[in-house]
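Pasting the structures here.
Both complexes below contain chain A, partnered by chain B and then by chain C.
Entry: the complex of A and B
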């Protein structure tokens, strides 16, 4: 029992409540309270990252002990994998909320914004720490509903249209997920992920099992915007206020989509050949299609949103390669390498895509446009934005010494070692096209000198926005050290181990 | 087995509505239909032949009880569903104020 685990949900929930009540009475309370909450969560999640290691700690809500070895309480679980995801959620959350202090001052009813933001953080943290399928659904809906509201925060034509699309597809995904959970409960009579694993390991109906897997893959695939389900992502992510775009693209699609897919397909279902082929194919498809859709975009945030699909494709692809290797039962070290590469890219993508959306927000804040063709020559007027966005662009295109290079390298090496040469070649090609597309972004936004007359009063953005961008660009550089042998073992290996050895996860949780 | 198939048919009716309707409010209604078909299925998973409400009576050991957990889950899910519906209706009203129409074919600012 670790009594600190529920803090990840309780603190932001209480914060949202307090901001709603006190925010009207005390001026500027909302901004600083939200920043403080996120700062606290960042420090707690870091502390867990350093202390968790190989251990699996559990919090049982209400203190209900298992009866005859069957867990009946709501379990909150902390292991090597989800501490990593918690860290990225809270860091990107802190940076975005600090950035919002000036960015959101142009909008009205700011206290609603900060309350919804805290609610979204609570939902995402809840999804990640929950060890129970139904609670994953509940927290998923908390984060989803607050993100619907946040996407529509500008209440203009585009925002409303985007949020309507997002809501219809998001609600569809939720029902499909709920249907899958109901079907699981019908057969397994339990909702605890570890216990479901135990129940299904003693035999199951193959067709039924496959139906559940397909339903959950569709549902969480819709939340994660893997390619056949991606229609809502470019609209929603480009219409939201920029700090929210950074949250949605940087963490929400990972916490609510990719994280749950990885967790369920490694730790709950037995890995099968068919599913791993399907997941790898979906990953490769989103990797390639996403980048081709991105290259023709002129709206900065739309371009970045399509790149999110493509970069998530890398993560799904490499996790799929890991599943494939495990299902063949040979050469576990390649599977471990592929999964570690995927998780590393997941972390990296949060850092650089968050930074890129904050840069796009800064450009929009000063120039008032998102169209690349109307910008140009901003490098002189906005040197910090230009430098940080250059760092992020190089990171996402995989140029050393930035973090994106190392994770893509690991993924490509894993694909080559696993003898999927076609996938390795595709990954390289997609990386090159990404580079081309970001060179276009850099050239049109910052260098391509246009007429100076209409650019006269453009200044660098205020301090909170600068601070957030600088912090994230430093994180982009620092994350490269995760590829070093000594550090990789302490940070990435616990996460890979818990995924590689699903019986360990199940036995540790039900055994406690 | 018939109630389970009817739930599935209701689910498909909702899905059909979401795909084919052009009116925003009708899409919201179709979403609700789909939502409640899932809730019905969840409630049915707790059904036992001849089961009674799970108020345990120690004097009668052979009594069959229905499973109360899916009922609790459905209650939670209904609350969430209410929040989703309220949110989507609020957005639809705002869209009507901005565009002056409920027709989804005329609401297409975002493309590409």
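Entry: the complex of A and C
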């Protein structure tokens, strides 16, 4: 058993409480300790990304071996899919925490911020790494509760209102998820994802199975803010401090929502046509509705938050197309293409949406406003912010050299090959509207001349913030190489394979 | 907040110690009898809350108390994490493994690591429940009239 696997949970968890104790005694320790922890996790997750490949690695906490073939330990599983998600979590986490070194110095009780941040990372890593349903729930709660506190970190009226809304809907989601898990445990008598698949593959009550699927889709859909469940997202993501918005939008809705939905509906439940139609519809709905809600916004962070809903729609849509193809049992290569496109867009979205929120934070840091109408002409005073935000805007709207273009292209090609022409056309139209709304953002924030330009003394933001933005914009550019044939096979394909062949996941884990 | 009458104060003085001892009993017999770290921790926190309610918040300095309980809470959870991680250094080198000798079943000192986990989980629960309670009272005291 690889001893590095549990470190994804232990290190940030222990770090959070060390920060709370030592942070009171030593000044500035909190920032550097949190950055070091995240840097360590980034290197470990990269090491796993390069070495995992097709292997499925299992770590049994407590060393409990299966009894009569029934797993009783807490399983921590690493395969091609979740190493990718772990990389996203820890890279965006590191960049955000480095960004906060100067950004958060305007707030009081900073060590609470870094402690909660590490706790949120521990929760998300735990969700992704856990191989059993109940521990997914436990870690989900750790990350959700720390994010409630982080959204309210400014303790102003707006923040408190947003966090209250987020908390009520988050608690509802947790309740629905727990109910679903309880119903599964009642019938299957086990909580291990691989084992549940084995138990249900020998026959089940269809209505009961459908009820569980709907409950879990609603619960994790609420966490992922897919369209009918999106009400909390724009408020929570726009009121939080900017590095936290980058974490919430870039990572949390993926790790706690989309990742679990994909994992459960591919690897735990048998893929049925009804569910795949439902998931594709929800994806298309959030893709289209999200962008129309976004284009009218004047608050930068609200605009970005609505775009998160729309871009997550792309991911859900293409994964849904993949499910549909698998359920029909024809043309597996199209299914593989659609799923690979979805996962690729998932990674890309983390990079460019994280960057856009950091840009918004930089603008707010210097000008003190989030309203697009009050900005203008910032391109001269803040050249780096302008350049990086241009890169991110082009990436999100799918302009060629950037990563967003390739993932959207793969999704559209997969939709056309699967003969869902309407969905392909919708994806193109949504992409054009996205471009329009980001051109608006660019024009009003950076190029439009403001009247009182000379009165205000605006300077570029300090180094740590610049560094984070530059790193993310380079990542945005570099990620496009994932679409190249040689690299795609080593990074995207293992993830797709584990989802394409669901019985492989189950048999490998229960076999070990 | 002023304290309550002399009768209540005297009775609380007599009871609080017993409640505290009972909490300790539940924690250290956690691996033998029903209960354990969580239940015992709640009972211990209950004894402190009883004292604060009876004597009033003027009697103790709440913010100082809150700093102390937060500190205990963080220390306890850190120790639990290190105990779990210590499994990666000793014995079979697996996270959360019970590597201490198991002893005879039914004895007070047995079951390897479990009593240690119980003690620190109890400390953690007691401190965190007390912290939540104190945070609520301090918030009420600070509210403008």
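In the analysis below, the second predicted complex is superposed on the first by the 508 of 512 C-alpha atoms of A that agree within 3 Å, B and C clash if a C-alpha of one lies under 4 Å from a C-alpha of the other, contacts with A are read in each partner's own complex, and residues count from 1 in each chain.
What we mean here is this: contacts are C-beta pairs under 8 Å (C-beta built on N, C-alpha and C of every residue); 3 or more make two chains touch, one makes a residue touch a chain.
Note that the structure is a prediction, hence the values are computed from the model and not measured.
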Partners on chain A (chain B, chain C) - clash or fit: fit
Chain B versus chain C as contact partner of A:297, first or second or both or neither: first
Partner chain in contact with A:163 - chain B first, chain C second, else both or neither: first
Larger contact residue set on chain A - chain B or chain C: B
Vertex chain A; arms to chain B and chain C (CA centroids, nearest 10 degrees): 40
Touched partner set for A:437, first chain B, second chain C, both or neither: neither
Contacts of A:134 with chain B and chain C, given as first, second, both or neither: first
Chain B and chain C, minimum CA distance [Å, superposed model]: 7
Chain C residues touching chain A - in the complex, by the definition given at the top: 70-71, 74-75, 77-78, 81-82, 84-85, 87-88, 92-98
Interfacial residue positions of chain A with respect to chain B in the complex: 134, 137-138, 141, 145, 148-149, 152, 155-158, 160-165, 167-168, 171-172, 174-175, 178-179, 182-183, 185-186, 189, 191, 234-235, 239, 296-297, 302
Touching residues on chain B, where the partner in the complex is chain A: 11, 15, 18, 24, 27, 31, 34-35, 38, 41-42, 45, 67, 69-70, 73, 76-77, 80, 83-84, 87-88, 91-92, 94-95, 98-99, 107-110, 112
Residue numbers on chain A that touch chain C, as the complex places them: 1, 3, 6, 10, 13-14, 17-18, 20-21, 24, 59-63, 74
